Amino acid sequence: MAERMTVREAVSAFIHDGDTVALEGFTHLIPFAAGHEVIRQGRRDLTLVRMTPDVIYDQLIGAGCATRLIFSWGGNPGVGSLHRLRDAVEHEWPHALALEEHSHAGLASAYVAGASNLPFGVLRGYAGTDLPKVNDNIRFVRCPFTGEELAAVRAVRPDVAVIHAQKADRKGNVLIWGILGVQKEAVLAARRSIVTVEEIVDDLGGWPNAALLPSWSVSAVCEAPGGAHPSYAQGYYDRDNRFYQAWDAISHGRDTFQAWLRRHVLDTADFAEYTRVLAETQGRVTT
Amino acid sequence: MTASLEYTASEMMTITAARLLRDGMSCFVGIGLPSLAANLARLTHAPDLVLIYESGPIGAKPPVLPLSIGDGNLAETAATVVSTPEMFQYWLQGGRIDVGFLGAAQIDRFGNINTTVIGDYRRPKARLPGAGGAPEIAGSARRVFLMLKQSARAFVSTLDFITTVGYLDGGDARARLGLTGAGPVAVITDLCVLEPEPPSHEMVVASVHPGVTRERISAATGWPIRFAERVRETEPPTDGELLALRDLQARTRAAHGEAS
Amino acid sequence: MAERMTVREAVSAFIHDGDTVALEGFTHLIPFAAGHEVIRQGRRDLTLVRMTPDVIYDQLIGAGCATRLIFSWGGNPGVGSLHRLRDAVEHEWPHALALEEHSHAGLASAYVAGASNLPFGVLRGYAGTDLPKVNDNIRFVRCPFTGEELAAVRAVRPDVAVIHAQKADRKGNVLIWGILGVQKEAVLAARRSIVTVEEIVDDLGGWPNAALLPSWSVSAVCEAPGGAHPSYAQGYYDRDNRFYQAWDAISHGRDTFQAWLRRHVLDTADFAEYTRVLAETQGRVTT
Amino acid sequence: MTASLEYTASEMMTITAARLLRDGMSCFVGIGLPSLAANLARLTHAPDLVLIYESGPIGAKPPVLPLSIGDGNLAETAATVVSTPEMFQYWLQGGRIDVGFLGAAQIDRFGNINTTVIGDYRRPKARLPGAGGAPEIAGSARRVFLMLKQSARAFVSTLDFITTVGYLDGGDARARLGLTGAGPVAVITDLCVLEPEPPSHEMVVASVHPGVTRERISAATGWPIRFAERVRETEPPTDGELLALRDLQARTRAAHGEAS
C-alpha cells in the first residue's frame, strides 16, 4: 500500500545517493516539485533515466546530483539546448556526466521490458545507425523462427521512479490521463516509486479502462498541487511556455544558473515557497 | 494561380512541404518545421490528414501550433491518446504510418541524419539533443519527408554521427538493413526539393524554388550537389496558402505570448 | 478508411476459404453475428485463432468451417466442455482438427508481436511444461545481456481479425470499453479486419485515453445490434448465461447440434432472423 | 468458536482455502472453486483482498460469483480493467501478484498440473480445455494455492501431460527452471490440506479436515500419499463463515437463474 507522505519525506525515505532514478514525464506531468526536493536534499552520484530529459534534468545536472544519464532526447522543448546538460557533457561542469543514449523506441522498449520483468526488449530499430557503437546496452538478436536480426535493449530497472499525476484517492490509488508517456512503465519497472499528485480526493471518479496505478503498486503518494510547473497537468493548469523560454537565458551562464538555483530551490523550504519566490522573480526573469 | 503577395523563403519551404501531404494520410510528425507544415496541410487541402505525435496523440487537430511535442492542445483535440510504448510498437513499428515527417541538424547526400553530436562523440564540439523518435520513424514509416533550411553547415559531405538512416552509403544499402519503410523520398529546403535518384539514391535537386539560382543551391551544399536531368520549378505559394500559414503563425504567437 | 458494410458483405468481401481468421473476444463482445455469417457462407479450411474459443468456435468447428485451431483455452465458460471441439479432436467429426496450443500469456505475446510487426514475442513461460513438445511455434531464446533463457512464440498474423465493439461513428472510428481482451492487438496484427458494433453514432463520446481504433486501421465496420449474443456488450446487454448452459445439451449430440444449426443459422437470412427464431425456440431449448 | 451448523466437505474445502488469503494481498484468481474461495475471503476476513482476473479486471468486487472469467460484474466493480496482454506482461510476469489461486483436473505428488489431455496427446481419450493462464500464473505468482476435490482419478502418480509446473520431479528442479515464484505452497481439498515437504517438495498431508480418516485420504490418492510428522486437524468452519458462504451461493444462484 502506498504511504501518504510529504515530498520531503518521500525523497528522503526512498531516494539515496548512487541510486538510478527515473523522473518521467513526456512534456506533460513532469515531476518538478520532487526534482527540486532531490536538489535540496543534495543527492549525489545519481544515474538519471528519462526519455526526454528537459529543464528539471538540466537543473539536477547543473546542481551536481547526477553522474550518469540514460536518455533518448535531451533538449528544452520548442526552445533549444539544455545548457547545463551541454556544459556537463562538453566541459565536465560541475563534473563529468556519462551518457547512455537510445532512440525513443529503444528506451520505451527498455522500460516495457523492465515493467514486464524481462531482461531485454526487442524492436525493429538502430539498424545502420551509430548508436549501437556508443551504447553497449543495444545489441542484436536473431528470431528463432525466421532468422531475422532485430535490435535488443537491456531492460531499465530504476531503483526509484518518480512521476506526477492528477489525482489519488485516500487509499493511494492513482489516476492519470492525457499524455501518459512511459510513466506507468517507469513505476512498474522500478523497485520503489513516488507519485506526486495535484490533489487527493475521496473518489477518483475515472472511467472504463482508465490509466490507474493501484495503491499496492506505488511506494509513496504525495500531495503537491502545481507540482508539475512549468510543465502542465491536464485539467488543472497549462504549460508555462514563458518559463521554458526564460530558462534559456537563466541556464546559459553558470553564474546566472547558480543564482537562480539558490534563490528558487536551495534557499526555499519547499515547492510552495518556490512558487511564491517564482511569482516575485518571474516578471523580471521573463522580460 | 500564382501569388500576388510577397513571400519569404521559409514560407516557400513550408508550403512546398505541406503540399506533399495528401488528405487521409497518417503522418507521424516531428516538432518544429514538420509540425508547422503538417498543420498547414490539415488547415488547407488535407482536412482529414491524421496527425500523430510521438507523445501519444493520434489524430490531433491543434488550434495553434504546439510549442512542444506534448502540448495539451494535442491531447485535447486528438481522437485518442495512447502510451508512448504503444505508439512506437503498435502504430509506428506496426507499419501503420504513411509518412514520417522529420527535421534534422545535419544531413548527407544519402539522406542520413545527425542529431547527436558535432565533432567527436566522446569530446563533442557541440552536443545535440540526440535521436528522439527519428531512427525508427525513418525506418518504419512507409515514406519519409525531411525538412530543413539549406546551408553548407547542415548539408555536409560526411556526418560526424549517423543518428538516423536514410540510404546509408547508397545503392541497396538501406534495403539490406531490412528496414520496412522506403526511406526519405523528399528533402524540402528553403531553396529547393531534393529527391533520391535511383539506383544510387543520392539526393539530387528535383525542383528549384522560384528565383533561386543553381549557384546558390550549390553554395549552400557541403558536397558537389547534382541536379536531376529535368529540374522542375516549384509552384509559388498561392495567396490562400500564404494567408492560411500567416494566420496560423499569428494565432500561435498570440497563444504562446512572446513565446514564438 | 473503414468501409461501412453489412455483415454479409464484409464476410463475403474479406474472409476467404483457407484464411487464418481470429474472431476474438474474452467472454465479453464475442462476434457471434459475424461467426454465424461465416457458417452461412460455408467457408472451409479456415485456421481459427482465439485465446478462448467458446461456443461460436464450437459452432464453426461443428459446421466444418475449420481445419486448424490456434488457442490457449477451449471450453464453455462456467459450464464445461465444448462438445463439437472435442468431437473433432477425439473423433475427427466432421473432420480432423489440427491444434496449435499455447498458454494465455504465450498467445497474448504472439498477438502483441503481430500487432508490433515483430516476428516473435518473448515471455517468461512454458519452462518445464510439455507444451513446447507439441507446439513448434514455442521455442527459447537467450538474453544477449544476461544469458538467461526465455520463451519465444511466433507472431500471430491473421489474414482477418473479427471483433465486436460497442460503438462506431459515421467515419468508422471504433470505441470499445470494459473487458478488452486482445481485440485491439488482433485487429492490429491482422491484414484485414471486420468490426461489428452495437450502434453507429454521430459522436463517439469517449473519454481520455479511450480504447479507440481509428477508421484507417479497420477494413469494415458493420452495424449488428445484439451481435455479441449470447456473449454480452457492456452498457447494452448482459451475458445470456442460460444459453451457454443450454448449449451443453444442444451440442452434446451431433444430431441435436445439426438440427439447431440448421434451424438457427443455416436456415436464417441474417442475425436479426436468428434472434427472432431463437426467441421462439429458446423457451424449449433451455428447459 | 466451532460450528453449531452442519457443513459439507465442499464447504469445509472452500472455507479452508479462503482462510489462507490475507487482507490486502493481490490474488490472481482462476474461475470456479478459486473464485468462490477468494470472494468468500473478501466478504469475510479480507475486505481489501485485491481480486485479479486474467480477463483484465484489477480489484474486482463482484456482488455475486461470476459464471465466466470475464463477466460484466467483474469489469463494473473493478478499480480498472487492463488489456489481457498488459495483465500477463506487467502485472503477472512483472512480479506484482502475491497469490496465484488455481484449480486443476489432475495433479501429481509434486504439484504439477494437467489440464490438457487424458491419454495420448495425439489420440486423446479426453480432450481437456488446455492451459489458459495457469502455466505462467504458477510460474510468476509469489506463491500458488491449488484447490480441487480429492480422488484417485485427480491425484495421479503420473500425469498424461504436464500443462503447469509445480515442483516438476522434485528437489531443486523448479528452482533450476528459473521460475520467479515459489510454486504451490498448499493444495486444499475436500479432505485435507497438502503442503510440499522440503527438500523433496513432495506434497504431504499437513492438515486433516475434522472427521476424515487417513485411510480415506489414502484411498482418494493415486500415489502412496505420506503424512507430515505432525499432522494438524483443520479448524472446522464457523457459523459466520458458513452463513457468508451460503449467502454468497444463494445470491449467485438467484442472479444466474437456473444457471448455477
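Order of writing sets the labels: A, B, C and D. Residues in every chain begin at 1.
The rule is short, and it goes like this: a residue touches a chain if its C-beta (ideal position, glycine included) is under 8 Å from a C-beta of that chain, and two chains touch if they have at least 3 such contacts.
As the structure is a computational prediction, the values presented were derived from the model and not from experiment.
In summary, the chains found to touch both chain A and chain D are C. More C-beta pairs in contact connect the chains of A-B than those of the other pair, out of B-C and A-B. If you average the CA atoms of chain B and of chain C, the two centres end up 41 Å from each other. Rounded to whole angstrom, the centroid-to-centroid distance between chain A and chain B, based on C-alpha atoms, equals 28 Å.
Look at where the CA atoms of chain B average out and do the same for chain D: the two points lie 57 Å apart. In chain C, the residues that reach two or more other chains under the touch definition are 112, 117-118, 123-124, 148, 178, 180, 184-185, 208-211, 234.
Chain D has residues 75, 81-82, 89, 93, 140, 180 in contact with two or more other chains. If each chain is drawn as a node and touching chains are joined, the picture fits none of the line, ring, star or complete shapes.
Shown are all chain pairs that touch, namely A-B, A-C, A-D, B-C, C-D. Listed in rising order, the residues of chain A touching chain B in the complex are 26-28, 51-52, 71-75, 77-78, 81, 85-86, 89-90, 101-106, 108-109, 111-112, 123-131, 134, 148-149, 178-182, 184-185, 211, 232, 234, 238-239, 241-242, 244-245, 286.
Looking at the complex, you find that chain C touches chain B at residues 1, 112, 115-118, 173, 184-185, 188, 206, 208-212, 214, 216-217.
By the touch criterion stated above, chain D contacts chain A in their complex at residues 24, 26, 50, 58-59, 75, 79-82, 89-90, 93-96, 140, 180. The part of chain C that touches chain A in the complex is made up of residues 117-120, 122-124, 137, 139-141, 143-146, 148, 150, 152, 154, 177-178, 180, 207-211, 234. On the chain B side of its complex with chain A, the touching residues are 31-32, 54-57, 66-72, 74-76, 81-85, 88-89, 92-93, 116, 121, 124-127, 129-136, 139-140, 161-165, 168, 173-174, 177-180, 256-259.
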